[in-house]
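One chain, chain A, links the two complexes that follow: it is found with chain B in the first and with chain C in the second.
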Partner chain A sequence: MEKIRKYFTFFKITFINDLAYVSNYIGQFFTFALFMFVYSFVWRAIYSGKTVIEGYSFEMVMWYFMFTETVMMSKYPFYSDMAEEIKSGDIAYSLNKPYSYILFNFSKYISTSVIRMFLNTVFGSFIILIITGSFPVKLSGFLFGFISSFFGLVLNFFFFFLLGLTAFWFEDNSSFAFIYGKFLFTVGGLFMPVEFFPAFVRNITDYMPFKYIIYVPARSYIEGFGTFIGFFPVQLLNILIYGILVYILYSFAVKRLNVNGG
Partner chain B sequence: MEKILKVEELRKTFRTKTKEPGFRGSMKSLFNPVYKETEAVSGISFEVSEGEMIAFIGPNGAGKSTTIKMITGILYPTSGNVSVMGMTPWTDRKKLSYKIGSVFGQKSQMWFHLPPEDTFELMGDIYEIDRSEYRKRLSELVKKFQLEELMNTPVRKLSLGQRIRCEIAVSLIHKPKVLLLDEPTIGLDVVVKNQIRELIKDINKKEGLTVFLTSHDVGDIEKLCKRVLVIDHGKLIMENDVPGLKYKYLSKKIVSFKLDEAYVPDIEGVKIIKQNGTGLKAEIDTKVSSVQKLMENIMKNTSIVDMNISETPMEEIIENIYTGGGDYGKD
Partner chain C sequence: MKNLKLLMRYFKFNISAQMEYRVNFFIQIFGMIINNFFLLFFWWVIFSKVGKFGGYGMEDIYLIYSVVTVSFGISMTFFGNQTRISRIIYTGELDSYIMLPRPYLFHILVSRISLSALGDVIFGIIVFFMSGYAGFLNFIVLIIVCTMGAVIFAAFNSVLQSLTFYFGDSTAFSRVFPEAVLSFSMYPETVFNGIIKIVLFTVVPAGYFSFLPVRIIKDFNLYQLSEMFFFTVGFSVFAFLFFKHGLKKYESGNLIIKRL
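And now, the complex of A and B:
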């Protein structure tokens, strides 16, 4: 218990600290609302003359998009902090304390991301209700969508951590972050549900982790428990695989660490 | 006394990519990278006793931080050995971290938007201190560092001096055996500097804390440490006790006179620093000449109204050691 309490304290302190930044979220909400409006026109054009595409109505697609955006915008991009720490050599001062660097980052990341997700879900639902005027979402979906998003965030954590680790070898990791973002945008299902892809692409996405970060949580929001539990084992498997991978890579990286700064 | 830290033949080489300037250089380093081996630390050895306050100094880029990072286990050395309280830092890093505290004057471990108390609580949990134990230690430190009024103010509203007091206090929350101080008084005014030094001294005395100090501030070294290690180009170029540094390497005295009439002496081993009317300031190399010789020479020509003898300031001694000039570097 003693060994774990420190991570809860991290979680708690990040949470309190974030309250100092709450006004920052307001700016984010405007961007969020703008996205929703712009994309509603795009999707309305796509749906002209059709009521259902691949089982999704216009309203459902809009709600789907709102949930993917929610997950996307909630992920706290700590990899840039990590890169900064590695570049400046400050990482040295995180490493000489008795805690796990991975878990330390995880506590910070999950604390900030969960608050953001909560705020984004409330705000986004409100906006999308105004745009579409309909509510095709199961109420229980908010619970299971949230749980599924949480595990999506956990899976995403490993990729962010990986992005952070690239700073050990490369000066700048923003280009890798850009590529990762594009993966989420396409095969992750951010822009549209993976059902919209041709069959062969859809098959490939099953073997990629990205849709378990974006697509699966968003669908769980709309459809609730059945969808959540159906994907959950594979989502968990992904977490396990990438968790172990990141752990091994990190242990390797930290051994050949050349701390910057004299 | 028990040796708390032993460093033997410690060596660290970095492999860095060299890059020629300009676009061509960038392309070249991309396709045909050339690596250069730089030896940051080249075989240094020393020992520190328990409860000792020791200064570890050297010019920028001398290898100080690299050495400290190996001592705390953050860096793996290329070769050599370090033992801190019987542990090898890079294999027992976590175990060791429970017994080491560190303060880096240029970096903060406080949470910027939160009052210090939150950072204290977090550190208490990080070091897995029992709650009642933690409260006892906290009130002890709060009293000693006079933090009562600061504990509920967000760190961003504290002055630098107040913040550094918190930084040092928080680094002592787990009763470390060794405290690493890196430029603890940088940017502080004279009064606060002395206050901080007194506090460190006091903790050293009462808790038997071993202090390992790096600083460019000569005052820190003079007022806190009995022994000083000087490192340059990755080598230990001097190991001495601080008063010894002054006597042994200080063959020069500065003498200021106020004379009856203007006079400029000309003796071997005496350098005139300043001459302004009846005022005279000279540096005497006591290995060649002496204060007496200079005074005799002056008194033959005029009389002395007032005089003042001072040693070369510590600052200058260190500068001389770094630049390798004068006789200071040689034993």
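And now, the complex of A and C:
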């Protein structure tokens, strides 16, 4: 119990700190609103002369996009701080403390990400309601979408941690981060629901973890409990697989660490 | 001419500095090329689903992406400090520039390069040859309009970042507008209409960064090329004057730094 309490304290401190600087999110809200505004033009043009594509109306696609963007913009990119720590050698200060480095980063990441997700969901719903003028979402979806997003964020944490670990081998990990981001954009279903993809791409996405970070939470927001529970076992399985992978790679990488001076 | 020499010297110096980490250099460039190809996925799916719309097909998208990435790539490669001007002002780093006998804004802009932006240029050239508009003359036009686009983008960033002289740290604010230029630029012109189209040729100059250059390549027109040229020159002069005027409000922080 004592062990868990210290991570909860990290969570709480980051949470309080983030709440004190809510105004920092204004810039992010602008970008968020801008994306949705631009996309409403693009999708309107795509939907001209059509009412439904692959079971999605224009309004549903816009709400779907708002939810995917909510998850996408909520992820706190701690991998760049982590890479900086590894390169500068400051990681030595974290490693000799009586806590797990992985769980320490997780507590801070999940705290900031959850706050962002809550604020983005409220702000995004408001904006998208103005743009589309309709509400094709189940109310219970907000609860199950939020839970599914939480697990999506947990899965994403392991990928961010892996990105941070690349600093043990490479000077700059921004290119890897870009490419990871693009996997979420494409096979993760950020820009459009997976149902839009050609059959062979759709089959590939089933075997990849990315759709459980973006697509599944967004669909759970729209459709509620049924969708959430349908995907939940595989989402958990992915968390388990990548969690173990991160633990093994981290143990291996730390052995490479060589810090000089003090 | 002297300024052009300065630009080339900085470019060579920065490239050789980056080549110290050779693997990283190539990873960044290839990473950006792969990254950009991913962006085309959206259009590939959409066109396979609904066919052409608004008179645009995949070959037009290749051209739009080519214009935007080559312009952005040239801009960030040669004027790599354009997104750091605000920081340079409020940290007092500006002192080290205003002591040297070169146009301050120009000197700040060229003293840094972005490596991954070279990947954008290479990607842009590849997709240009995949578009239905590839050809020697069109390629020359592409380079000309993209060079002007690169200058416009750098001037736009300079104006936004110079707001720090007037209102204090404007980093957050000055990040949103260039983001807007890029977001709007990546889509066909016909998608936008009404008042938004006026905005895109004024407040957010995505029109001059993407729509007009694409029009010039698709259907070469000397009048439109001149329009772009005069906008580029006019906007650059405005950016320099805006910076110069702001500089009068600058107070040194007595920061001592070593620029390497």
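The working rule: the second predicted complex is superposed on the first by the 258 of 262 C-alpha atoms of A that agree within 3 Å, B and C clash if a C-alpha of one lies under 4 Å from a C-alpha of the other, contacts with A are read in each partner's own complex, and residues count from 1 in each chain.
Just so we're on the same page, contacts are C-beta pairs under 8 Å (C-beta built on N, C-alpha and C of every residue); 3 or more make two chains touch, one makes a residue touch a chain.
Remember, it's a predicted structure, so these values are computed and weren't measured experimentally.
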item	value
Partner chain(s) touched by A:S140 [first = chain B, second = chain C, both, neither]	neither
Chain B versus chain C as contact partner of A:V38, first or second or both or neither	second
First (chain B), second (chain C), both or neither touched by A:F170	second
Touched partner set for A:S251, first chain B, second chain C, both or neither	neither
Partner chain in contact with A:R5 - chain B first, chain C second, else both or neither	first
More chain A residues in contact [chain B versus chain C]	C
Touched partner set for A:A92, first chain B, second chain C, both or neither	first
Which of chain B and chain C A:N203 touches, first, second, both or neither	neither
Touching partner for A:I16 - first (chain B), second (chain C), both, neither	first
Common ground on chain A, meaning residues reached by chain C in one complex and by chain B in the other	none
Footprint of chain A on chain C - complex, ascending	21, 23-24, 27-28, 30-32, 34-35, 38-39, 41-42, 45-46, 48-50, 53-54, 116, 172-173, 175-176, 179-180, 183-184, 187-188, 190-192, 196
Residue ranges of chain A touching chain C (in the complex, touch as defined)	24, 26-27, 30-31, 34-35, 38, 41-42, 44-46, 48, 50, 53-54, 170-172, 174-176, 178-179, 181-183, 185-186, 191-192, 196-198, 201
Residue numbers on chain A that touch chain B, as the complex places them	2-3, 5-6, 9-10, 13, 16-17, 20-21, 90, 92-93, 95-99, 255-259, 261-262
In the complex, chain B residues that touch chain A	14, 40, 60-61, 63-66, 69, 72-76, 93-94, 97-98, 100, 102, 104, 107, 109, 111, 113-114, 118, 121-122, 125-128
